[in-house]
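This report concerns only the one structure given below.
For clarity, chains are labelled A, B and C in written order, and residue numbers in each chain start from 1.
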Amino acid sequence: MGKYSESAIRGLVDAIVNSYEEEPDIIWMGDMDPIDPAQVQAILDDLRNLIFAGFYDKRKLKPDSVEYYAGEVVERLLYELRKQIGKALKAASGSGGALQESPKAARIEERAEQLAVEFLARIPALRAILATDVSASFEGDPAAFSKDEVVLSYPGIFAITVFRLAHELYQLDVPLIPRMMTEHAHSLTGIDIHPGATIGHHFFLDHGTGVVIGETTVIGNFVKIYQGVSLGALSTRGGQLQRGVKRHPTIEDHVTIYSGASILGGTTVVGEGVVIGSNAFITKSVPERTRVSVKNPELQYSASGREKARVIELEQDDAWYYVI
Amino acid sequence: MGKYSESAIRGLVDAIVNSYEEEPDIIWMGDMDPIDPAQVQAILDDLRNLIFAGFYDKRKLKPDSVEYYAGEVVERLLYELRKQIGKALKAASGSGGALQESPKAARIEERAEQLAVEFLARIPALRAILATDVSASFEGDPAAFSKDEVVLSYPGIFAITVFRLAHELYQLDVPLIPRMMTEHAHSLTGIDIHPGATIGHHFFLDHGTGVVIGETTVIGNFVKIYQGVSLGALSTRGGQLQRGVKRHPTIEDHVTIYSGASILGGTTVVGEGVVIGSNAFITKSVPERTRVSVKNPELQYSASGREKARVIELEQDDAWYYVI
Amino acid sequence: MGKYSESAIRGLVDAIVNSYEEEPDIIWMGDMDPIDPAQVQAILDDLRNLIFAGFYDKRKLKPDSVEYYAGEVVERLLYELRKQIGKALKAASGSGGALQESPKAARIEERAEQLAVEFLARIPALRAILATDVSASFEGDPAAFSKDEVVLSYPGIFAITVFRLAHELYQLDVPLIPRMMTEHAHSLTGIDIHPGATIGHHFFLDHGTGVVIGETTVIGNFVKIYQGVSLGALSTRGGQLQRGVKRHPTIEDHVTIYSGASILGGTTVVGEGVVIGSNAFITKSVPERTRVSVKNPELQYSASGREKARVIELEQDDAWYYVI
């Protein structure tokens, strides 16, 4: 270690350990097991392998062994979900340490197992709705080569799959894990869907980077959303005081929202069949079967090299623009 | 397993296996090998190590062993590319099962090998064009410390590298894998370039998050593009019916497109030397050597705490704004 | 290898090795060890485990073993930081080969060790400021369930943590590694903060995808920034000539900047307590306690199915809109 002695290292360590006492909010200490983010991701991988069986796996899936395949994944998922859900329930109830051996801890274990089973029982219904999402992506995108390509490579399908799984856990009141799941998808896709949102079937998210869908959003069936769309709240004032209030919009069936549009506020309802053009900023309700588009902001043209000089007359059509 | 018996687990598994029969589109079953996404990523890693030799590797690359190094990587790439390309050709031709031993399957194997060799023969030309991209990034960015830093850490270089590789496979009509490659880069960078796009040399993508470049886009040489730019289609109506139609714009040489701009439509041509300002929304052609900028939308100012009260006179210059 | 002979493979390898000679800028060859990106990420993982002790780890952290835990991580970090910092110093000084055994190389080793120790000595102060960032996220976001959830899953906290670490190394003049660190965070979060930026305490980044904070930005305390915000330069003209010039804005205390806003230019100062509305485009200074908002661009409405026909009268409130 050259000139830095053991005592210098000890000084570094002591200073860090002291800071643990000074800032105890940002350590996770005591008898509570930490929730393992790597394990949450492994659970998501297994869930994807169960839903889109055979797609992401090295092994060939064959008709006569499919039951063994599903059985093996389900067993592993039950074990891991029980474990991580148990930790999350304990962490959220503030019960660690002494509780480990208590009757309450036993009830938490039992509850975790029950939740894991209830959650897995919803997989067939989730497969049915995810099949509609894959269809919507394939049919809605001229660049889609096949449904296989959609399942293998479309980030929107990944984000929606993770959202739908996380939403089931959210509805079962499992703490912490649903948001860890959707933030994992956010990290891989740039698509940020809060697990509390409600989203119907045939949902199509194209490109997706920058999409934000807030906690209390309600989305109907056959909705298409392009990159950079925010379904958000009108203000954060109040912070924690606004917990539980509907702060995000309602989007009805067959709505299309083009890139960069923002739709905001808990009482804003976008009616059935509405089309929202790129970059529109919507804070009030829009009646059904309406098309809304930004009047294209005026553009300025000049010959390159001269600033503001010789404005050239050029018209950009300011009608209904949709970028996809 | 506490109170959940083997029969309860069996019920879960049966329900899932039944749903495989009900939604067969989203499983990959039969005698066709699945394309392994992890292997596609490993191929990309090897390709990057071959192109930017010595940069991302633990091992020192020395002049007298460089041939062994390249030889080892090429051998491994030939093997893996042949294997994954073969699977992709089989999947796209709908030939699995019985075909495995057939003359057609043998032809597919042979074709896969031929494609892998043709693809690798293009690496030297790709290295030459990627060297121009690295130069463009270094010279165009005041924050760039050195070309080494550009290669080691710039997401734009990563995305362009993966795009250029995927585009070669796309041109060789390899199915599925090109899009898996560019979506891997999209996941890591937020930059979504379809492998079908055509892009010239000295291409500079700065920051990059949110950039979308569609399938039929054509981009010339010395083009600079900043974060959040969409080169898109005007509408998705028609979906699969529009497959193969030129839906995305043409960008000529020496064009700069600043952050958040959208340029849309298959007949839109942005002429040589044009500068497009931030957030511009372009749906018609722009003649060469023009500068286009949004007339800055009117801003409203008020003293904080009072809504709409006492509007303060403040001028934001509405001239040529470019955010980088 | 079927019909492709050894000589065909040799041809591929020779062509690639020749291209190394033709494009030597994009290979890393000689006696200089490459900086291992995987190792830089491992260092970041260890630093996060040291700062948010117990959160991301499989192992339970207990009060009576916390010193051993911190000691083990610090020892490993000292070793790895010394190694990678040494490589970065050598690469940046252009000294490889012959220098390896020279007195100058010895001085670089010593300097690397000193820098690693100085850097680790700043961890306690970083923990204190990161605790304020976690508080700001929790208190500012109605969707936050607990501080644990914030630490476990908020991408803003991840990006700020990596930025604060990278910024310390940047201030210690460590080359290459700081940018590798922030680009790793950019990849995982879509949040692009240059390690040269200066950022005060209680910093809150919500959603975050698409945020860009440039090299010479200065940000005060209690600042909130939402998705898609750019703190950028007004132009890139000049490229490398502008190195070192203040090109990015100054944001004072208690400023909130809503989604999609751009604030640009090295002399632009956004005063204390200012609120910038969504999508605003700011290139001049804004006095303290002002609220700035885009006058909502005019929207056009029509009944769906008829283009431009029958414009429907609908008012979107054009007052102070903030999307979150």
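Here is the rule we go by: a residue touches a chain if its C-beta (ideal position, glycine included) is under 8 Å from a C-beta of that chain, and two chains touch if they have at least 3 such contacts.
As the structure is a prediction and not an experimental result, all values here were calculated from the model.
> Can you give the rotation angle that fits subunit B onto its twin subunit C by Cα atoms, in degrees and rounded to the nearest 5?
120
> Same residues or different residues: which describes how subunit A and subunit C meet, taking over half shared numbers as same?
Mostly different residues: under half of the interface numbers shared.
> Taking each chain's centre as its mean C-alpha position, how far apart are subunit A and subunit C in Å?
Roughly 22 Å, centre to centre.
> Among the residues of subunit C, which ones contact at least 2 other chains?
In subunit C, residues 190, 209-210, 228, 260, 279, 294, 297 touch at least two other chains, as defined above.
> Would you pull the subunit C residues touching subunit A in the complex into a rising list?
Its residues touching subunit A are 50-63, 66-67, 70-71, 74-75, 78, 109-110, 113, 117, 120-121, 123-124, 127-128, 130-131, 134-135, 138-149, 151-155, 188-190, 206-207, 209-210, 224, 227-228, 259-260, 278-279, 294, 296-305, 307-308, 312, 314-317, 321-324.
> Subunit B touches which residues of subunit C in the complex?
By the definition above, subunit C touches subunit B via 1-4, 8-9, 12-13, 15-20, 22-23, 25-38, 91-92, 175-176, 179-180, 183, 186-187, 190, 192, 194, 196, 209-210, 212, 214-215, 228, 230, 232-236, 238-243, 245, 247, 260, 262, 264, 273-275, 279-284, 286-287, 289-295, 297, 319-320.
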